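Look for subunit A in each of the two complexes below; its partner is subunit B in the first and subunit C in the second.
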Partner chain A sequence: MSCGNSCNSNTSSRRGFLTSMAASAAGATAGLTLAPGITLFSPAQAKARGKGEAASSKVRWGMLVDANKCDDGCTACVDACADENGWQGEGNPATDAQWIRKVKVTDPGTGKSQSLPMMCQHCEEPPCVDVCPTGASMKRADGIVLVDKHSCIGCRYCMMACPYQARSFVHEPVSGQRTRAPRGKGTVESCTFCVHRVDEGQQPACVEACGGTKRGALTFGDLNDPESEISKKIATYPTQAIRSDLGLKPGVRYMGLDT
Partner chain B sequence: MALRTIISVLVATFVFVAISSFAEAAGRVTIPEPAKGKGDQCVADTSFMRKNHPSLLNHQRDDTLRKGIRGNEFSLKECVACHAVEGKDAKPVTYENPEHFCRTCHTYVAVKLDCFECHASTPDKKRQANELPKKHPPTNALSSWRDLSAQTCEGG
Partner chain C sequence: MSREIHKRIEGRSPAFLVLIAVLGILVLLGMGSAWTMEHHGHVITGMSNRIVWGMPHVFAVFLIVAASGALNVASISSVFGRTAYKPLSRLSVVLAIALLVGGLSVLVLDLGRPDRLIVAMTTYNFRSIFAWNIYLYVGFIAIAGVYLWLMMERSLNKFSKAAGMVAFIWRLALTTGTGSIFGFLVARQAYDAAVMAPLFIAMSFAFGLAIFILVIMFTSGGTGRELGEAMVRRLKNLLGVFVGAVLYFTIVQHLTNIYAAEHHAVERFILLDGGIYTTLFWVGQIIIGGALPLVLLFTPLFADSREAIALAALSVIAGGMAQLYVIIIGGQAFPLVLFPGKIVSSSFADGSIASYSPSLPEIGLGIGGVALALVIVAMAVKILALLPRTLADTETDPT
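The block that comes next holds the complex of A and B.
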C-alpha cells in the first residue's frame, strides 16, 4: 500500500475514504456511521479489538520518545508503570524489578546532558526470543514482546541477550499483584507496552502519565498505519533507534538525541 | 461352597463396617464444601467445570497471552472474581487462607497449584465495587460437591 514519493493530497483523501468504507463494511466494533461510507472514529476506539479477536500482524505497535521534552527530574512514566503493573521495589535496588527506568546521557565533548526513558524496545528481531530455551520469551503478532511466565524457567538468557538491559528477574516472592499484571518469583519480566490496556484501545500507562504532566514526550501508536500520529511524526522528523547498528528494528524510537 | 461364600461375604461386610467406623472415630478429613459463586450459574455445568477447569484455564491462558484473544469465558480472573470468599474483615481472602475457593478442594485432594504465585487470588478492587461480574444462563447444575459421588465420570 506504500505509495512512496508519488503521494499527493488526492490519493491521501482517497485512502481515507477507502479506509472508512472498509471499516463500515466490516462492521467496526467502535465508530459511528454517519452515512454510507462515512464513519466517525475516535483514535482510541479505532484500536480496540473485538471480543475473541486475536492480535493481528497488520498492526505494529510502537512508541516515540521525544528526548527534548523529557525532563531530568521527572519520573512520571516510571511511577505510572510501577503503579499500573505493581512492581514497586522490595528495598533491594540491585535486584529490584525495573520495567522502565530514566537514563541520563551526557555528551563528553560538549557536556550536554539528556534524560530519557529506557524500557523494552519491542524489537522486530528480538534477541531475547532467539535465545529463550523454552519459548517463553515471545513476540505477539502485533509486535509486542512478552514473557510467557507459564513456561519461563528463570534461566535469564534473555536478560543476557538484551542489549538494552530491559528485563528484570523476580528474586523474591511477590504478593498483592495486580490482576492485570501477573508476576512472580523465578520468572523474568519486562515492559509489556501495557498490553492489557492496548487490547482495550487505551494508551500505555507511561504515555498517559507523560501526557498528564503536559510534557507529551511519549507517543504511542500503530507504526503500520501511515495516518497514525506516531507514523506521521516518524515520517516528518529525524528519529533513531538506539543501537540501530544491531539491526533489531526496535518498535521504540527516539527523537532529539544528540548522537 | 454356598456356606463358605456366605461366610466370606459376612466377614467382608464386618471388616468394611469396622474400618468405616474406625475412620469416623479417628476424625476423617471432611469433604469440602466450596463457596458458591456470585452469579446464577457458572460458565459451564459444575460437574464439567470440576473435571475440566485445569485444561480450560490452560488453553485460554495461551490464547490470551500468546494470541492476544481477550474476553473469552474460561478466565482465571473471572473465577477469582465470582468465587471470592469474604473473610472476617469483609475483604476477599487470599489463597493463603484455607477458606479460599480454590484452596478448599485443592487441599482436600492434595493437588498443589501455583497459579497464585503470579496471579492475584483476590478480585480487582474495581470489580469488588461492582459485585456481580456477569450472569450466566442456568444449566443443570450439581448442588454440591457431595453430588459428584453419584455421577459417573465423563470421558477418560
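The block that comes next holds the complex of A and C.
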C-alpha cells in the first residue's frame, strides 16, 4: 500500500512507532504493524499534513458515532480525551471543562435509553465562529473548528451560541497542561478533533480509545473521500446530525439513534 | 441680550464631596471585584459553563440599554422640535455617555482576558453582532460628544439639530444591536426572536428616562434649582408611555412563543414553574416594573406627586433589572434542546435547569459600573455648564 511521506515519518520516528503499536494493540483502524518494518496505514494516516503545509478544503474531517455500540457507563473516549488534552477537572463540576461528555438520552414513552458522546460537532456553518467578535473561533479549511487561544478575549458569546453546549470556559488556573494542547485561564476551549494527531496522520484519542474497548463506536475520517470508511458507512446506513433543523451541517454524525 | 440658560454647579458643598467620596468608594469596590475575579478566575463567581453570562451582564446590559434611552430627552428637543426639552438636552447627552461608559466598563472587566481589549479593538469578525456593537458603542460616544460640543458652542448651534438626528438614528441602531445579541442566538429556546430588538428599544426608552428623571430631580433638589410642574408632568407622561411600550412588546414576545408548541416548555419555565425566574418575571418585571409605575403615574390618587413619580422611576429601574435577569440568566438556565421530546442527562447538566446564585464580586463589579456612570455625571455638571439655571414653568413653558 502506498502511503507517501507519512510512511517514512511514522516508521522512522519513535512517536510513529509507538502510535502504530498502540493502534495495532487496540485493533483500531489506525496503523497496523503486520511485521517489523511493515505497517498498514488507514486512509486517515495517509493524509498526514506536511510541516508548513496549509490545511486543505479537499479534506473534510468528520466523525460517525454508532449509538448501538456505545455503552452506558463506558467513558473511555472521555478519559482518553481528558488525558490527551490535559483537561482533567479541578473538582468543580459546574466550572470544570468537558471537551467531550457522555449523554444519556431516554425516550419518555418507552423508557428506552441510549448513551452517546457529545462534543464539538465541527459544523460547516458554526454559530460559534459567526458570533466571535475577534475571529478567535475559527474553522480550518478541513472543517475542524478551533479556538485561537491568543486572540480569545473570554467573552463567552460562542458558548451562548453553540447549540451543543460543547464549549467550556477555563474558570481557574490550569494544571497538568499538555504542550500539544495549550490551555489558558479566561479563554474558551472545546474538542479539537485532536488536531495535533490528525495533522500527523493519526486518529483522535477518543476514537483510538473506543477502538481499544473493542466497541468501535467511533469512526473518524475524510467525509470528502468516498473510499474512506466513514463515507462508506454513511453511504450504507441511515445516519443523522443532532439538531439538523438548524442547518449547521455538523461534521459529527450519529447512527442507531432511537428517534 | 440673551442670558446663559445653563450654569455649572459649584461643587464645593460638603454634600457634594460626600457624594463623590461614596461613589468613588463604590468605583474602587468595583475595581477590586474585577481584580479578584481576574486573579482567581471566574471560578469564584456564580457563573459556570451553563450560566456563562451572569450578574455583571445584567448590570452592563441595563446600563448600555439605559444609555441610549437617556439620550431621548435631547432627541425630543433636536429631532422632534419640542423646545421645552431643550434646556435638558446637555444633561441628557452627558448622562447617555456616562451610562454607556459605566456599562462597557463592567462588560470589559468581566472578560476572561480583559488585558486583551486591544485585540477586540483591532481584530474584527464582521459576521459577529458583538463586533458591530464595538463600533456602535464607540461611535455612540463619539457622536454624542460632537453633539454635545455643537450644542455648547454657540457659533455652531445651527449644526446641533443635524447631529441630534444622527445621534438618534445611531442610538436606535445601538439598541437594535444590543437586543440582537440575544435575538441572533438561534439555538437558545428563550432567545432567537426578532422581537428582541424592538423590545430592547422600548426598554431603553423606559430605563433611560427613569434614570434621567431621578437625576434631574436629585440635581435640582441638591442645587436649589426650580423644577416646574409642567416639565415634571411631561417627563412623567412620557415615562408612562414607555412603560406601556415595554409591556406591549413583552406580551408580544411571550404570546408569539406560546403559540409555537416547540416553545411551550421554555414559556412554562419562565411564566409558571421557573422558581426565582417566574417570581422575578411576575413580581419584578410585570408588577414592580410595569403595573406599579403606571398606577403611580396615572391614578388621580397620587395627583402628580413628586414622590410618586420618583418612586415610579425607581420601580421602572428595579423592574428593568428583574427583566434583564430573567432574559439573560433565565434564558440560559433553561437547558438547550439537543433531542426534542427526549429526556436528556449528563455530567454536564444536560437537560436540567442550571443553578446560579450571583456572587459578591459580580454584584460589586456591577455596582462599580453604576457608580462610575454617576460619578462621571457628577463631575461633568461641576466642570461643564450642563444643568439649566432653572426649569421653572415660566422658562420652559411660557405659554
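The criterion applied here is as follows: the second predicted complex is superposed on the first by the 215 of 259 C-alpha atoms of A that agree within 3 Å, B and C clash if a C-alpha of one lies under 4 Å from a C-alpha of the other, contacts with A are read in each partner's own complex, and residues count from 1 in each chain.
By our rule, contacts are C-beta pairs under 8 Å (C-beta built on N, C-alpha and C of every residue); 3 or more make two chains touch, one makes a residue touch a chain.
In this text, all values refer to a predicted model and were calculated from it rather than measured experimentally.
The superposition on subunit A brings subunit B alongside subunit C with room for both. Contacts of A:83 after superposition: neither subunit B nor subunit C is touched.
Look at A:146: by the touch rule set out above, it reaches subunit B but stays clear of subunit C. In the overlay built on the shared chain, the residue A:185 is in contact with subunit B and with subunit C.
By the touch criterion defined above, A:243 reaches subunit C but does not reach subunit B.
By the touch criterion defined above, A:51 lies against subunit B but remains apart from subunit C after alignment on the C-alpha atoms of chain A. Shared-chain residue A:98: touches subunit C; no touch with subunit B.
Of the two partners, subunit B and subunit C, it is C that touches more residues of subunit A.
In the superposed model, A:162 lies in contact with subunit C only, and not with subunit B.
Superposition on the common chain A brings subunit B within a closest Cα-Cα distance of 11 Å of subunit C.
In the superposition on chain A, subunit A positions 173, 184-185, 187 are in contact with subunit B in one complex as well as with subunit C in the other.
Chain contact summary for the complex, subunit A toward subunit C: residues 90, 92-98, 101-108, 118, 127, 129-135, 151-157, 159-165, 167-173, 184-188, 242-243, 246, 259. In the complex of the two chains, the subunit C residues touching subunit A come out as 38, 40-43, 47-50, 52-53, 111-114, 116-117, 119-120, 123-125, 127-131, 134, 181, 184-188, 332, 336-339, 341-350, 355.
For subunit B in complex with subunit A, the residues that touch the partner chain are 61-63, 65-72, 77, 80, 94, 117-120, 123-124, 127. For subunit A in complex with subunit B, the residues that touch the partner chain are 49, 51-55, 138, 140-142, 146, 148-150, 173-180, 182-185, 187, 195, 199-200.
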